[in-house]
Amino acid sequence: MRRQFINDPGEVVSEALEGFAAAWPRHVRWNSEPGYLVRASPARDKVALVSGGGSGHEPLHAGFVGAGMLDAAVPGAVFASPTAVQIREASLAAHTGRGVLHVVKNYTGDVLNFRIAGELLADEGVASDIVLVDDDLATDTAEGPGRRGTAAVVAVEKVCGAAAEEGADLAALAALGRRVVAGSRTLSVALAAGAHPGQSRPSFDLPDGEVEFGVGIHGERARERRAFAPTRELVPQLVSPLVEALELGRGERVITIVNGLGATTDLELYGVFREVRRLLAEAGVEPARALVGSYVTSLDMAGCSVTLVRADEEVLRLWDAPAATPALTW
Amino acid sequence: MADHLSTARVQRWVHGFTDAVEERGEYLTDLDRRSGDGDFGTNMTTALRRARRALAEADTRAGAGSAFQVLGETFLGHSGGTSGPLFGMWFRDFGKVGAGSGAFSLPMLAEASANGWATVTRLGSARVGDRTMVDAIAPASRALDEAAEAGSPLAEALEAAAAAAHEGAEGTSGLLGRRGRTSYVGEAALGSPDPGAVTIALFYRAAREALDA
Amino acid sequence: MRRQFINDPGEVVSEALEGFAAAWPRHVRWNSEPGYLVRASPARDKVALVSGGGSGHEPLHAGFVGAGMLDAAVPGAVFASPTAVQIREASLAAHTGRGVLHVVKNYTGDVLNFRIAGELLADEGVASDIVLVDDDLATDTAEGPGRRGTAAVVAVEKVCGAAAEEGADLAALAALGRRVVAGSRTLSVALAAGAHPGQSRPSFDLPDGEVEFGVGIHGERARERRAFAPTRELVPQLVSPLVEALELGRGERVITIVNGLGATTDLELYGVFREVRRLLAEAGVEPARALVGSYVTSLDMAGCSVTLVRADEEVLRLWDAPAATPALTW
Amino acid sequence: MADHLSTARVQRWVHGFTDAVEERGEYLTDLDRRSGDGDFGTNMTTALRRARRALAEADTRAGAGSAFQVLGETFLGHSGGTSGPLFGMWFRDFGKVGAGSGAFSLPMLAEASANGWATVTRLGSARVGDRTMVDAIAPASRALDEAAEAGSPLAEALEAAAAAAHEGAEGTSGLLGRRGRTSYVGEAALGSPDPGAVTIALFYRAAREALDA
């Protein structure tokens, strides 16, 4: 049986958010009705940056509310989109008169609700736009809803957050966000499934000696199983397709995100990052910046994702700009 | 018989619709089980019940649209799933058209339907024949449009819309899904209608009955 | 089988540290021979704060090297003390002429090697002292090696780090550290065992419906098993003994650390923290500051620890002082 | 026979000790298995082998203590376990006393032993009778002290020290552990000697033999 710290499965998210806000009073305020987080010290005279999505991906997005990143975060239930009203209210609370940019991971429910929220905001006379994050290379197929959004969302929030702080207008911010997204791809591998709060069994069983290749962040199986192997053999299977898909040339610079999916130790993630660097060096790509840790999780899934983000001078400058949020501060 | 739906009748419409959906909750869920993930009836009745509580407290003096505004806000604020927000926007378009007026006239109903259809299409990209609620919305909207153009009495117009929606909904039984979860199910869904479309038919039927009551 | 990102079990630590230093070049430098991390920009004219211990507790201690916290960290193999020579070399590298304070968790190997390092340093004319962290209430027995050191070490490193930055001398720092330790107690509970790198099985099996109560940070079993229960029933079993052991009176203030042991999600930890706050409120104790996250882990063990640190005005001021390290920045 | 241990003889002493421990690696590990965690022999031989490599490259002109300095540094820098650092400090005390001198005299050896004993006690808090290396160190140190006071020849003094250490080590078979891991094992360890103490006996025996060679 899977044991978790839990009271009622239906209250996991709201209880955690209450605790979260109490833990970070200098950064965030929690409005339980209808359910959103805003900065403790609201920003003035800037485009409001708002993101959200299902819970279960902590620290995303709540952990990125604060100076230099998000103005508001809108959490749904575990793995379920927030509602359009939540998004509208969060956006109105964060709005300073210069419009709202929604950073949305590409999932049907999220896209639908954020698009509706945009219409609701328009009715209130508030301009908004969406940057759709769709970095997951494993779902890059001709048909269907398109690539899923995963860890690249952190880069979008960091880079657009910094630009918003500098005063960029809504159109410029949206264009910047789309540029970051266009230059971002991610591949993930799971070593063990996580368990939904209150479920006693993990969401799938993985036979000995196999890994789930190209997994998403909702605990679901991937299309493919591959052989478990040492890091030095697994990581190239993640990195090479990314370099290829982004058509990264020699001398190009990237931001690397090695992201734990929940239950994977830092010890392992840094070992993975070491391999990523080795492979990038072989490809002549410069790992200009890196973020290694568990930032976009899938409950307590064991595994990791590798994200490469093409980075020009401006993107690097914005990446380096200060941020002060619960999960990312520099 | 009235040639408009007053604020009070709109209340009856909404309650009649809620009753109809609640009665068929299991059936609708079963339909979604055949073509989706089996939560449609539950999602719908939960949201409608919440709306009913909100309606009891709402200020109806805001006009004929106010009940729909409450419905819209409730669905947009509390319903998960795909159909929840789409129904929310659907109701919202009825709310907008009715806002400030004391009653819905036929042209207003035709306008609200057309707007709702446009909204659902803009958001969900479903066209007629994709096996969604649009397969009931489209014929009903057209029926109202034609009736309005012809200057038909409201009762006749709503009867035509309800019948068209019903027919459209039944017709989804023979369609392969191309939007939403049913698109993953393929031929397995053939033989039973789309729950969203069935619900739209109940919506127009309730309008027709609210006129009688 | 437990799958992990690993090449050779013997290389896990050194590979991770290589990756870690590459990920945080602005904060740390890694000297693989004999094996220690120092700040990328060494401090001047302050007491050097140095800590270390076995690996497998990441981000501890490597993640706390940087301005406002440690000057150097000395990692041993997984769950094994670093050597006295590593500690001596790290201390000499960090030394600025004002002495070295060693923050040491109370384990036989760590204590022995840090004490030896102190003697080696004395031979080189370098003054040093040890703050021994022994906060684990579960091992508070009359006999034996005394209470183990666990998550309170983060508070000691933060508070002493800030004081060192302000110019406190070695004696004052040691006294401050001991004061923090004296006012700190921790209790931990494990919901599932972790696995040693390269081991295919977790280090113990926990029967359905039980938890390991009073567990340490080395993957070992605790003395006691208790019934698994909802958070609202488990957390009081951690908090009440702490309040009692510290003899916390009404109106007293504490820093609370809710620490994940590796595989426990933030969602759960914040839920735990919410319960801790509730219990402190009942006891009339003020939760003045909080840190919630996985800071002192036990590989990928599922579980958490709760630490209470008695906090006066000075301790709170030093806690709030800026820090810029890979794992803790504000 | 020489009345001092020259730098060259100290080298022989160290190599003789290393050989003796290597030969008994399995046996020592087995002793640690009975009274601890079974890594003693491996820890010891790994560190000694590394020290042997370091010795080959070391500058021995620094005096009679230099080999022990290398040994000390190697143990303090590379040995895990409890005994590694303690042996490191033990060797280091011999290195310090010998530093700068061309050879070890009996009083120097007595001083180094006494210092080493004090260091090990300061760090590990073990007293005679606790079933540790101290149970071999203490009688050997006393033997050297007495011999130095009596002005005995070096060979006789080292023979006495080696015999005393051996006897002390064998005596640990009857002792209950009160320090280190063996304290967790209780009576299970009775009947076999403490590996650390046995190793100290080998250390003095090697000294005695280095004098002959």
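Should a chain be cited, it is by its letter among A, B, C and D, assigned in written order, with residues numbered from 1 in that chain.
Assume a residue touches a chain if its C-beta (ideal position, glycine included) is under 8 Å from a C-beta of that chain, and two chains touch if they have at least 3 such contacts.
Note that the structure is a prediction, hence the values are computed from the model and not measured.
Enquirer: Any chance you could name the chains that touch chain B and chain C both?
Expert: The common neighbours are A.
Enquirer: Please flag the chain sitting at the greatest distance from chain C, going by CA centroids.
Expert: With centres defined by C-alpha atoms, farthest from chain C sits B.
Enquirer: Distance between chain A and chain C based on Cα centroids, please, to the nearest Å.
Expert: Taking the mean C-alpha position of each chain, the two centres sit 28 Å apart.
Enquirer: Cα centroid separation between chain C and chain D, in whole Å?
Expert: 35
Enquirer: Find the geometric centre of each of chain A and chain D from their Cα atoms only, then give the gap between the two centres in Å, rounded to an integer.
Expert: 59
Enquirer: For chain B versus chain D, what separation do you get between their C-alpha means, in angstrom?
Expert: Comparing mean C-alpha positions, chain D is 90 Å from chain B.
Enquirer: Counting only residues that touch at least 2 other chains, which ones in chain C make the list?
Expert: As it turns out, chain C has no residue touching two or more other chains.
Enquirer: Quick check on chain D: which residues sit in contact with 2+ other chains?
Expert: Not one residue of chain D touches more than one other chain, so the list is empty.
Enquirer: If you connect every pair of chains that touch, what shape comes out? Choose line, ring, star, complete or other.
Expert: line
Enquirer: Let me know each pair of chains that touch one another.
Expert: Every pair of chains meeting the touch criterion: A-B, A-C, C-D.
Enquirer: What does chain C use to touch chain D in their complex?
Expert: 34, 76-77, 80-81, 83-86, 88, 108-109, 112-113, 115-116, 119-120
Enquirer: If you look only at chain D, which of its residues touch chain C in the complex?
Expert: Chain D reaches chain C through residues 73, 76-82, 84-86, 88-89, 119, 123-124, 180.
Enquirer: Give every residue of chain C touching chain A within the complex, in rising order.
Expert: 1-8, 12-13, 15-20, 22-23, 55-56, 58-59, 63, 78, 191-192, 197, 206, 208-209, 211, 228, 230-232, 234, 262-274, 277, 287, 290-292, 297, 299-300, 302, 304, 324, 329-330
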